[in-house]
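Labels A, B, C, D, E and F are assigned to the chains in the order they are written; within every chain, residues are numbered from 1.
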Amino acid sequence: MSTATVSLRGITKRYGNRPAVTDVDLVLLPGERIALVGHNGAGKSTLIKLMLGLIRTSTGQIDVLGADITRHKASAIRADIGYLPENVVFPPAMTGRELLSFYARLKRRDVAQNQSLLERVGLVDAADQRTSTYSKGMRQRLGLAQALIGRPRLLLLDEPTTGLDPALRRTFYDIIDACAQDGATVLLSSHALAELESRSDRIVVMNRGLKVADGTLADLRALARCPTRIRADFGTDSTLPAESLGNRAGWRAVGVNIYEIACAEPDKMALVRRLMTLPAQPRDIEIVPPTLDDIYAHFLDRKAAE
Amino acid sequence: EDKSTAAAPPPHEVDGDAVAQFCNMSLTEHSGPKGQIFVKDDPTPFWFASVHDLFAFVMLGDTPKAITALYVNDMAKAKNWDQPEPGTWIDARRAFYVIGSSKRGGMGEPEAVPFSNEDAAQRFIAQHGGRLVRFDQMPRDYVLASDTSSPSEPPQ
Amino acid sequence: MSAAIVIAGREIRDSLRNRRVLAATGLMAALALTLTLLGSAPTGTVGVSKLSVTIVSLASLTIFLVPLIALLIAHDAISGEMERGTMALLLAHPVRRIDVIGGKFAGHALVLAIAAIVGYGTAALALAVLGDEVEIGAWAAFATMVGTSILLGLVFIALGYLVSASVRDSRTAAAAAIGLWLFFVLIYDMALLGVLVADQGRTLTPAALNALLLANPSDVFRLINLTSGPDVSLYAGMAGVAHRSGASASILISVLVGWIAIPLLLASLVFMRREL
Amino acid sequence: AATVEVPVGSDLQQAIDGANAGDTLVLAPGVHDGPVTIDKPLTLEGRGGAVIDAHGRGRTVDVKAADVTLRGLSLRGSGHDLSKMEGAVFLSRTATRGRVEDNDIEGNLTGVYVHGAHDAIVRGNRIVGRTDLRLNEAGNGVYVWNAPGAQVLDNDISGGRDGIFTVTSRQNLFKGNRLHSVRFAVHYMYTNDSEVSDNVSIGNHAGYVLMYSDHIRVFDNVSVGDRDHGILLNYENDSDIEGNAVLDGAAKCVFIYNANKNIFRRNRFEGCRIGIHFTAGSERNRISQNAFVNNQTQVFYVGTRFLDWAENGRGNYWSDNPAFDLNGDGIADAPYRPNDLVDQIVWRYPAAKLLINSPATQVVRWAQSQFPALHPGGVIDSAPLMQPPAIPAAAAAKADLAEPRGPWR
Amino acid sequence: MSAAIVIAGREIRDSLRNRRVLAATGLMAALALTLTLLGSAPTGTVGVSKLSVTIVSLASLTIFLVPLIALLIAHDAISGEMERGTMALLLAHPVRRIDVIGGKFAGHALVLAIAAIVGYGTAALALAVLGDEVEIGAWAAFATMVGTSILLGLVFIALGYLVSASVRDSRTAAAAAIGLWLFFVLIYDMALLGVLVADQGRTLTPAALNALLLANPSDVFRLINLTSGPDVSLYAGMAGVAHRSGASASILISVLVGWIAIPLLLASLVFMRREL
Amino acid sequence: MSTATVSLRGITKRYGNRPAVTDVDLVLLPGERIALVGHNGAGKSTLIKLMLGLIRTSTGQIDVLGADITRHKASAIRADIGYLPENVVFPPAMTGRELLSFYARLKRRDVAQNQSLLERVGLVDAADQRTSTYSKGMRQRLGLAQALIGRPRLLLLDEPTTGLDPALRRTFYDIIDACAQDGATVLLSSHALAELESRSDRIVVMNRGLKVADGTLADLRALARCPTRIRADFGTDSTLPAESLGNRAGWRAVGVNIYEIACAEPDKMALVRRLMTLPAQPRDIEIVPPTLDDIYAHFLDRKAAE
């Protein structure tokens, strides 16, 4: 399958006169894990809802799994889509198990699979409680489970890790990886950039409704040229000759006898080696590569500057 | 029922102001046995120029139903058919009635003639014909179905 | 279609669970029984069968109550789910919006049908047990009455959806639903009567009147059940007007069906244009 | 026949005794002592202000012979023993064709007692009864007993018990009288085949009270402001009540108790608390083309029987009927039902009055208007009129009432 | 108390914004005007003033409509906020639960009062403009009618809160509110009527009936207004009833006030025991 | 002020028979920033709601700002509490500005301060829109603003960073720090353990309704004795003699020529020095101290093992 799972061409969505998404082109391919990031109100959720046909585009064309999602007849293709809304709400009177059965039946999938889904999201114990008694994270787990029903070919997850505890969050990323391995397209919007780094093949950055960046982390890193930071703590008891750090070229003191430097990726190892060979041995060193956070900030700033 | 517990007012005696229900004439303008009914919260009775009318009042749908006492003239005790004397009132529910006799009521209509005891009633039947009924057995038709025959001549 | 069936199933389970079915059925049964037992009491001399009397009383009950129950069930079917936020997730599934309306309609229709059949059945049972002989024709009229009561209910469920799909929140939906009820059950007939009286037959021809009656589903219901009623001359007011109308029962029933289909369709259309 | 002047101070009885049959005695103005008895055909005529005063003893003029005429006299002071049938004029069984005309009869027990005198005529008298007596001691204006052919015409009668009271008689005509301030204007007992027409009853306890009588024709009479009933029928059969008007009656325009086969046609019943009170046991009465106007309760009937008040496709006019007439035939398209279940309940149980304006009762009413088979029975008008029928008596009465100082004020 | 005022302010602003005030006022004004202009058109008026007729018809309208509007406003005041989740945040502020009830009550009361005063005021204005001379007494009766209409509305707002604080979700609240309306406006009196008939007027004395009437706020309202003057009670068909119903106007009004205070208190108590 | 802002003694909360919180003792002091962590359904939100008196304890005693919060009269003290619920919902018809005014008036605070709050959470542009048009993060921002009204002495924030974009998240922690500096007690529940590390003075770990740990990060580290991990990447082109890493004592191969070791904190620097002096120089090294994640996992595991 080399055809795009989702393709957006020139999408604009306006609420009244106010644009929420402006002229976005986007192609999602099978097996890709795409992270959708951007500030609050950037238009991430709007994009996802557009892909689902929950709201209509003002201009532009959306194809999802080969069909125009806004067409009434296209509804059948949603059987292959898993969606997790940013605010997941369930009919309060139903139990988790009942809800999963309901959604599975809607997707014409085997209800028997649900037990394993419940196990995967750790809701087996609470499966027969009414969802109104669920804690926030439990609801999110149930939302995840329902999105995963029936091996969807497209997963649209709007801030899926919201409220998930660390344990399940790890499981979650494993599940996502498995799905992608399986050929599914996974689009997830998130603000937890740190988590995304190793977990996404591609990153799409939204800013005020515009798509401002789209590429692999490496691509973006290269584009952004964000520096790695090295921090050395020489301890309060050590006396550090000023020239030890090459007269501190580039080094900034960030505390008592704590110094930090921002360097390009290729220069990193040389600097570390130098540190370790100093007369005054650092008590502690930290090496912080440019995070998605930094890259993201870079793109937002660039945009703001434009 | 509370009929028995509520203190039943004693019978009043007919005077010139007693006006009969239904015909609005003075009771004294009519002969024959008469009746009176007391209803709750009203110290003065409804008067009836005939016992027949008293039964009509009891049976008609549009009349008060909170009846506390009913009295009719005991024709066994009364000597004057035309104007039964004071002191001849008896509880209408306990009386024996002769209906279908040749005797007519105050205005010539068929009359139910009340007696305090069965013997007197039977004697009356022997003399004037008719049959004996108790209060609760009074046939509705006899009271409400109209008698379309011409009224007989009244006593002058 | 199967999506609609799944949704219908959920609605039914939901209605059973929150005792809505029970409440509606209980109410109908209680009122129907009361009317049956009261209704036959004072009419001994009329010479119409007890069942006929019961049918007309129940028909009048239907006009009053069934639209109310239907609107109560239906008025926030769409707006409520949108407001609570469960609709977005539902529509992200392979479900056309028309399926949502259709499914809910099927579910709610069943709830209403159960309420009507059990409720009125109780009354029929009471009559049967009370041991009056009833000829077959009257039972047929009874069946017609129950059937058309359900149809009338469906009309108002459909109207409820139309309201629910059109408004922003379920409070507005509730107000609009009550307005709808007042309009079709009370105000329309009163106004028509007023116009008739004021007009004194100058402009309002019988044909026009007929058309006006067909424009109110509860009058259509009345027309159907009056033609099978006992002594037409007994009817006064709107019913008296109604019995002059010439339309046959099958036409009337198709009008009712139209009154179900068109609001349902409109509701679907309106719902399709809504954004979540 | 001679004409004999009777001066004041002479003995009237002597003059009568001395006269020959067929003579006319002309009484001079002033008081002539009564009581007197007339036992031969005579005419007694008063010259303006001639008074016969019985000074509270017996019958002022006791007529025993046929063809006696009393005219232009003031008759006063009869005795007041009802059992002795005392009154101003007593026409006994033998006083056939007695005429009592244009007299001024005041302060007697009974005005004119037509006691078996066939074909008597009482006309144009002013009769004022005694108001100082209790009602059961008072006499009537004109008392007709067993006097076939007797006529009471154009009198003005007030005070006392009943205006015209007839017992056990037939073939009488009471016409054109004006009756006021009495108990009953016209009171029928056991009197058949008679006519009551063109009379006016004002402010009496009741207007036309017909009891135990049949075949009475009551037409073109007016009752204005009578206290209890405009027309009361009690054991009254086969009578025609047509063209009458009852206006502004306080309690009931018409009360019908145990009366059958009567016809009510083209009457106007207006402004009473109850238009017509109809008790069970009254059957086969035909009531059509009447106008029921602005009565607080148009019909008061408590019964389970259905009564259709329409004949030959014409019913009555009801002022409160929101009627419509699509085909323009003057007959409303929907039947009219004056009463419903709520009315019946309120009548049976007056305590329910407290609920009368409750939405509950309104809903019951509404349900009944839709499906009247719930109706407990009662009056129905299957062909109500769109317009009230013209009723001349009513129109005349209204015209008179409208005059600030009209004759009926 | 100031918290209650803030909440009342929000409710009022909210009601103004979502046009609830407008709708209620418009409805009341339209119906009141219609009734006023139609007046006594077809019925026999027995010489009572136009204003009396208007008072009677408006009072009847009030009994039907005002409780409905009140319940519509009030039924999900508590349950709706709990369901939507805004209540938790509100109660995390320095606000006692009784303030919430009190504040909402004040706000809703104002909404209702505006609707009643403007709505009925329009009718009064129309009467005044149409130029009928009306004596002062009748205007006083009119004012009483408007005032007690508002009181009646407050009773049902309070009852609506009680329902709203007691139930789990606002659908149940809606059903319960309609049930409440049916009960107090229709069923209670019908039952009384039924009891009267069954009892044959033997044990149910006027005094007992009177006491029973006090147990229904809409009957209390009727007692106050439909017996308010000889003219009015004559037209209302309640002539001769007023003097028999022993309670004086001031007692009746305090009963109404009790009918406001007690449900409000109960609602507060129930609400205090609810968990968010 | 040395008295506790909040003190919980023997708190148990049951829903039906099911306990949500069991026998918890907890004291929060002025100026403290306390992180409340635990798995989904552990009872964090329940604890916070109990402190607010939104739900009633089954047993136990709670004092908040010196009063028994369950008492009706205690409502006034809530003027000094800022609360952010985990699911923040606003009346949809009001604008952000109106809502802030409303809450400020309820707290009898000066409404004029709200503008600066709106600025701090970056909602100035959207302040006059109805909250129903807000994106999820915008709602969360408004929720935060509302919690900060009137310099509260106690902040109870239930997953406050949910849905916040990285920029505002940073601002958020700065605001929290300022509040704590100011003497306020800040209790925040969160699953973003990484963020909490430097931002909390104390950490409370909940597990199935029980409080399983309570202390500073250092305390917990010491208690947990979680190791630091060092990872060295020698690059694919270098040939590494097996004995270079001391015959790999403790070192695990985690990739081609990538090795990792878990060591106690004191041993870290020695290991790094050794790495840098190896004949085969590592191309890259990473030093990962035990994260809160690790510590947290430790406590949960220990509990589960009991």
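Methods note: a contact is a pair of C-beta atoms (placed from the backbone, for glycine too) under 8 Å apart; a residue touches a chain by one contact, two chains touch by 3 or more.
Which protein is which chain? UniProt says A, F = Cu-processing system ATP-binding protein; C, E = Cu-processing system permease protein.
Only a predicted model underlies this, so the values are computations on that prediction, with no experimental measurement involved.
**Q** Both chain B and chain E are touched by which chains?
**A** D
**Q** Spell out the chains that contact chain C while also contacting chain D.
**A** E
**Q** Using CA atoms only, can you tell me which chain is the most central one in this structure?
**A** Measuring from the global C-alpha mean, the nearest chain centre belongs to E.
**Q** Call it same or different for chain A and chain F: same when shared residue numbers make up over half of all numbers used at their interface.
**A** Answer same: the two copies use largely identical residue numbers here.
**Q** Report back the single chain whose CA centre is most distant from the CA centre of chain E.
**A** Checked the centroid distances; the maximum from chain E is A.
**Q** What is the distance, in whole Å, between the centres of chain D and chain F, each centre taken as the mean of its C-alpha atoms?
**A** Chain D and chain F have C-alpha centres separated by 103 Å.
**Q** Roughly how far is chain B from chain C, centre to centre by C-alpha average, rounded to an integer in Å?
**A** Their C-alpha centroids are separated by 56 Å.
**Q** Which whole number of Å gives the spacing of the CA centres of chain E and chain F?
**A** Here the centre of chain F sits 52 Å away from the centre of chain E.
**Q** Quick one: chain A and chain B, Cα centre-to-centre, how many Å?
**A** Averaging C-alpha atoms per chain gives centres 102 Å apart.
**Q** At least two partner chains per residue is the criterion; list those residues in chain D.
**A** Residues 322, 348-349, 363.
**Q** When you check chain E against every other chain, which residues touch at least two of them?
**A** 18, 42, 84, 169, 200-201, 205
**Q** Would you pick out the residues of chain B that each touch at least 2 other chains?
**A** Each of 64-65 in chain B touches at least two other chains.
**Q** For the complex, give me every residue of chain B touching chain D.
**A** These residues of chain B touch chain D: 16-17, 22-24, 26, 28-29, 56, 59-62, 64-65, 107-109, 143-148, 150-151, 153-154, 156.
**Q** Inside the complex, what are the residues of chain E that reach chain D?
**A** Spelled out, the residues of chain E in touch with chain D are 42-46, 56, 59-60, 63-64, 185-190, 192-193, 196-197, 200-201, 204-206, 209-210, 213, 218-219, 222-223, 226, 236-238, 240-241, 245.
**Q** Using the touch definition up top, name the residues of chain A that touch chain C in the complex.
**A** Touch residues, chain A against chain C: 49, 52-56, 72, 75-79, 81, 83, 85, 87-91, 93-94, 98, 102-103, 105-108, 143, 146.
**Q** Show me the residue ranges of chain D that touch chain E in the complex, using the header's touch definition.
**A** For chain D paired with chain E, touching residues are 271, 293-296, 298, 319-322, 342, 345, 348-349, 351-364.
**Q** What part of chain F is in contact with chain A in the complex they form?
**A** 15, 38-42, 45, 86-87, 122, 126, 133-138, 140-141, 159, 162-169, 191-194, 268-269, 272-273, 276-277, 281-287, 293, 296-297, 300
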